[in-house]
Amino acid sequence: ACGGQSTTTEGDESGSAMSGAIASDGSSTVAPLTEAAATQFASVEPDIQVTVATSGTGGGFKTFCEGETDISNASRPIKDEEATACADAGVEFTEIVIANDGLSVVVNPENDWASCLTVEQLQTIWAPESEGTVTNWNQVDPSFPDVPLTLYGAGTDSGTFDYFTDVINGEEGASRTDYSPSEDDNVTIQGVSGETGALGYFGLSYLEENADLLKGVEVDGGDGCVYPSTETVQDGTYTPLGRPLFIYVNNASYAEKPELQTFIDFYVENATSIAEAALFVPLTDEQITIAQDELATLVG
Amino acid sequence: MHFRASSAASIPVSEASAPSVLDVEDVNIFYGDFRAVTQVSLGFRRNEITALIGPSGCGKSTVLRSLNRMNDLVEGARVEGSIRFNDEDIYGKDVDAIEVRRRIGMVFQKPNPFPKSIYDNIAYGPRVTRMKVSSMDDLVEEALTKAALWDEVKDKLKQSAFGLSGGQQQRLCIARTIAVQPEVILMDEPCSALDPIATTKIEDLMHELRDEYTIIIVTHNMQQAARVADRTAFFTALADDTTGDRTGVLVEYDNTAKLFESPADQRTEDYISGRFG
Amino acid sequence: MHFRASSAASIPVSEASAPSVLDVEDVNIFYGDFRAVTQVSLGFRRNEITALIGPSGCGKSTVLRSLNRMNDLVEGARVEGSIRFNDEDIYGKDVDAIEVRRRIGMVFQKPNPFPKSIYDNIAYGPRVTRMKVSSMDDLVEEALTKAALWDEVKDKLKQSAFGLSGGQQQRLCIARTIAVQPEVILMDEPCSALDPIATTKIEDLMHELRDEYTIIIVTHNMQQAARVADRTAFFTALADDTTGDRTGVLVEYDNTAKLFESPADQRTEDYISGRFG
Amino acid sequence: MATVTRGMSSSTAPTVRGRAKGGETSPRALIFLVLLWFCLLFALFFLVVLLVSIVVDGYARVDSRLFTEYPSSSPEDAGARPAILGSLWVIATTAVMTLPIGVAAAIHLEEFANKHNLVNRAVELNVQNLAAIPSVIYGMLTLAALGFFGVVNKNQVWVGALALSMLILPVIIIATREALRAVPAEIRQGSLALGATPLQTVFRNTLPAALPGIATGSILGLSRALGEAAPLLLLGGLVFLRFDPNGLMSGYTTMPIQIFNWTGRPQEGFHELAAATSIVLLVVLLSMNALAIFIRNRFQKRW
Amino acid sequence: MQSSLRTRRRPIDFTVRLIFRIAAIFTIIITVGILIALLVPSLEFFAEVPVWEFLFGTRWAPRFADASFGVVPLVTATAWTTVIALAVAVPLGLGAAVFLSEFAHHRARKVLKPILELLAGVPTVVYGYFAVQFVQGTVLREWLGWDTGSFSVLAAGFVMGVMIVPTIASISEDAMSAVPNALRQGSAALGANRMQTSLRVVFPAALSGIIAAIVLGVSRAIGETMIVALAAGQQARIVTGPLEAGQTMTGFIASAALGDSRVGSLEYNTLFAVGLLLFISTLVVNFIAIAIVRRFREAY
């Protein structure tokens, strides 16, 4: 089923304004970012059609490595086996860090006991062994009240899931299963805002937009409690749940398609304003330099 | 509307002294704006069989249905004038149409047994009207016997009524009506869907029932009217002089023998002799 | 099956020399396993009106529909025996049922105009049969004139045929049939849905059409048969001696006057005098 | 003999005045009627609540921008233009793909098929069965078919239309059959008795007479397709795009999916947009339903 | 005029009728397609996961590191939503049908029936959000103050029930209207009131049509996707009460659809195994309905 023929059509290069189609797929977390890029880009190049599909980071890499998409959005770095698949299919790519995100852990506003959780406590909550056994807050910490614990989290096909399980449980994909998984973060918002004992995790932007419905939890990664925010993510103090977001660009497409080139250049150049528009944490100056270097290797 | 005077006549029953169970006086019946029957007056006498005859569309069924308020079920149907049952206006204010229908039963053109067992068909009426019955079995047997059906069905009372032949079904419908002990039984062409043998059986049955009930029958078949009825009313449809709308009128009402042998009205004569209809 | 010998008789037409347009010989008609009509033989003569009469269910309509292969449309219907039209077997191997139907037209019990304009109702037949017509307008006018309808509708040819009265609709259906120039016209109780005045008009029309067409009419109304038909065939339904299944048989076929005045068969006599049916 | 304790006998006939029980206005009958009213009104009340709650949420964003703007990362600038056009494209394609096949199949089954033929009976049973198969299954069928034929790019107008076509094909066949069946046999017989062939009878008489019924059924079927989201989600319909769909191979999204998409966003503004798009979709769907009902009541002949 | 009756050839008639027949047979191709589409991946699935484990396993976690494939949790959620939907739709639908068929003035019926049918025209996404936000959030939790989370099979089932009302009402109304008037008149002529006539004559006479309507409602309820995907919750767990959340079979298919699995992978095949189970469930229900309708047609 690996057709490998490109879905994009070559733009006719007669006029000054370019046309053509750019296909992207992947992380639903990163999608708003690429969508913001596409939105801003449209005022410059209105005839270039950018499509942003959302199959999750893993799903995005699958189609990307079949050569179906030009850009793959990812909320975690590509895995070895995914890279191998790309290599097997002859797809070469470049990874660009394009913004930052914090994975925020959220609880119900009525929850007045869990203002700060340590990584160990999070692990108690989310470890595979906890499945069916850790079902009450007082099992997480004896000082917590006797309130049933209900959990919401990311769908298993998402980069968010992989990232969270990796840093909290020490292994990608290792998680208890008795929680509500969803690709749709709004499900988590609804879930957590609806139950006193609920806990969930998702991207920082969802917390910021729904600050009235949810309560963000400070995370203690060993150096004290840190609240997730633009600043703490950017300055690196929000660990271990601060994370970079990526786009992966198909090198061959980039070389062949001027419209893709223009778009990626635009994307990197305006990364800060795009991140702000999409409610993400912009790159630090250091990161910007790295991104531009990556871009340079692409051209070269 | 303008009808020729003679047609809207109210024909007096000759032996005016005999008691009428049902008295129709100056009745007009409408379907919405359409006047289906105009100015009908006639009396039905106890323990007699009265036949209503006339060409199609002259309003026989309409009149019949007005006698037990079955017309209430027809949307837009409206009765003007008075219809008295034992001297009580059945369209009166306090009158319960349902009680009227129990007391004045009806048998239809096409046999219409319920999709239930034979037994339950008969027991239906007593049940819904909450008759106090000492033994439903006896009542069922009695009704079926009166309807001359008992011998044919007594071994299969629990079987579906749909398994009966058309003629048996029609007798079942008569038995069902008898079971609620009405005083009058209306029949709208009860034999027109039946074969000659079944027809004969029903006609014989009517003769037997006459001792206990008053029977009013609509029929297309003049021979049938001649065979069964004590008295016959002939209806026809007349066109309004100005609008051309047709409406049913009573032309002649008399002893059956008299009506068939020496009709008073030319139209009756024409109809009976087959010159129209 | 075992029928009494006399009932399955093939009644010879007395004036055997006269030309028959349609010849029915030893025909049995089945619906699935059920034999609706048994051993019918009779000939229909050109430019005559033949009436088929008999009690309900005796197979009149079944026989009529077999004459132009309308029975083909009824599932399970099967004709045994021979039916010859101008000496050609209409159930023959190479015969086109569609062509049969064009040449032997049919008018139905309930007027069935198409949901189209009056004009298009008439033009329909010529169009679908690809008749070569010099002027459709003329043809429409001619057909309507022959059907005695032209004067009533000439100003509203483009209006829907549904706006016509029942009698007009039935004449329209006759006009429609005439328009394809058939030789024979079959009519199945064409007046039973009509009022007396419309009936009279259709009967008059039949008399006029007789000069050009051969007409076969089924009627329930014996007076109508007596009024319009040259010859009349009386059918009845007989029960099989062993199985009790009823099947239609031809009892008597003769000049109408002869049949009504001095029927040869007792059953004809009984039926005509109203002793059954 | 059954003994009956009801004042009988002709001379002392009881009156026919209203009885307490059993009559049309007895307490039981009245309670029953109230219950029936409740059933109907509850359902209608629910509809009203649903409409009101959506209108309250979204009416403020039903403005011209909703129709002219493309999705955007900021709710203030966003509109549903591609989704509205995408719905149009998909539905039009669905109609073109389904109607001829559906009507043809219905004509075969209703007018020509020998009802005893095994194949025809199988087809008939099959159509009834297809009509009740969940819509996601059609999405899965299409997904598998694309996999089989090696089509990797699922987000194309014709792909979505294909799934929806198979979904509503049985609906259209059943509606058309019913419309054809409602044309009285006398009309067909009248035509055949004039020497028309069965095919002429169908095309010149039966089909035109059945047209209002077919139109009604088709509109209802298409409106069902228009409101479907599940099969399209399976087929990668959940995408962000900022261009008008412009052909059968074009990428697309549809209104139900756009609603689904926006409701999943964190920003309140998108939720409002989702409600506004729901209003548009509801208006379209309810108008289609109303049109179908209008055609049914106005043009469907009572024979 | 004495032309022969001999057969004419009508090639166009022949061809057109052939096309009609092919169109009819096309519907069988769809069914065969569905069977193949579901069976092939399912067989691959069952090569790895024993059928018994699938059918009777009580833990559904197909995409976790510690995967298991017991479909029972999905089945319990589907059963709950279906039963609740029917508990709503059957009384309401039949009540409305009896009212429309036996009591409503024909002009009232002409208005009320279409309005009722509009309920069936509301897209299920819209119903889904209504179920989560209004029924679950506002009615169950705020107004009634019930102890339930953000999702419940009750809210999903209830709204689904309302969605099915027109289906049940419309079909059973048809069945009741098909009961010959002669029976109603016969009943009325014996002194029955309309309630008695409806309940004792019309209802039993239309019973098989009514059952068929209900069974059709069952298959709609089993197969409905968006409402349950949005309102029942996404967590695959054995549901033991109406206020619990749970993932139905269709809910799983929808959520899996949002990710993107490679054709032929176990994840992909899982989707089709659940699809097959869903298909078989509705198939069984459909055949019951069709068999009942058959009998009902023969009644008159």
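Read from first to last, the chains carry the letters A, B, C, D and E; within each, the first residue is number 1.
We take it that contacts are C-beta pairs under 8 Å (C-beta built on N, C-alpha and C of every residue); 3 or more make two chains touch, one makes a residue touch a chain.
As the structure is a prediction and not an experimental result, all values here were calculated from the model.
Enquirer: Any chance you could name the chains that touch chain A and chain B both?
Expert: D, E
Enquirer: Closest chain to the protein's overall Cα mean, using per-chain Cα means, please.
Expert: Centroid comparison flags D as closest.
Enquirer: Most C-beta contact pairs, which chains?
Expert: So the chains sharing the most C-beta contacts are D-E.
Enquirer: Using the average of all C-alpha atoms in each chain as its centre, how far is it in Å between chain B and chain D?
Expert: 47
Enquirer: Taking each chain's centre as the mean of its CA atoms, how far is chain D from chain E in angstrom?
Expert: Those two chain centres are 14 Å apart.
Enquirer: For chain A and chain C, what's the span in angstrom between their mean Cα positions?
Expert: Computed from C-alpha means, the inter-chain centre distance equals 83 Å.
Enquirer: Between chain A and chain E, what is the separation of their C-alpha centroids in Å?
Expert: Computed from C-alpha means, the inter-chain centre distance equals 37 Å.
Enquirer: Send over the residues of chain E in touch with two or more other chains.
Expert: Chain E, residues with two or more chain partners: 191, 193, 196, 258, 260, 263.
Enquirer: Considering chain C alone, which of its residues make contact with at least two other chains?
Expert: Each of 98-99, 103 in chain C touches at least two other chains.
Enquirer: Hey, what residues on chain D touch two or more of the other chains?
Expert: If we look for residues of chain D contacting two or more partner chains, we find 22-24, 147, 197, 236, 238, 263.
Enquirer: If we use the touch criterion from the header, which chain pairs count as touching?
Expert: Those chain pairs satisfying the definition are A-D, A-E, B-C, B-D, B-E, C-D, C-E, D-E.
Enquirer: Show me the residue ranges of chain B that touch chain C in the complex, using the header's touch definition.
Expert: 55-57, 195-196, 199-200, 221-223, 226, 237, 246, 274-277
Enquirer: Considering only the defined contacts, which chain B positions touch chain E in the complex?
Expert: 68, 70, 73, 75, 98-99, 101-102, 105-106, 108, 110, 112-116, 124-125, 128-129, 173, 176-177, 180
Enquirer: Within the complex, which stretch of chain E touches chain C?
Expert: Residue positions touching the partner: 1-2, 4-8.
Enquirer: What residues on chain A touch chain E, complex-wise?
Expert: Within the complex, chain A contacts chain E at residues 1, 25, 28, 54-56, 58-60, 62-63, 128, 150, 155-158, 165, 171-175, 177-184, 187, 190-195, 198.
Enquirer: How about chain C: which of its residues touch chain E in the complex?
Expert: 85-86, 88, 90, 92, 94-96, 98-100, 103, 181, 183
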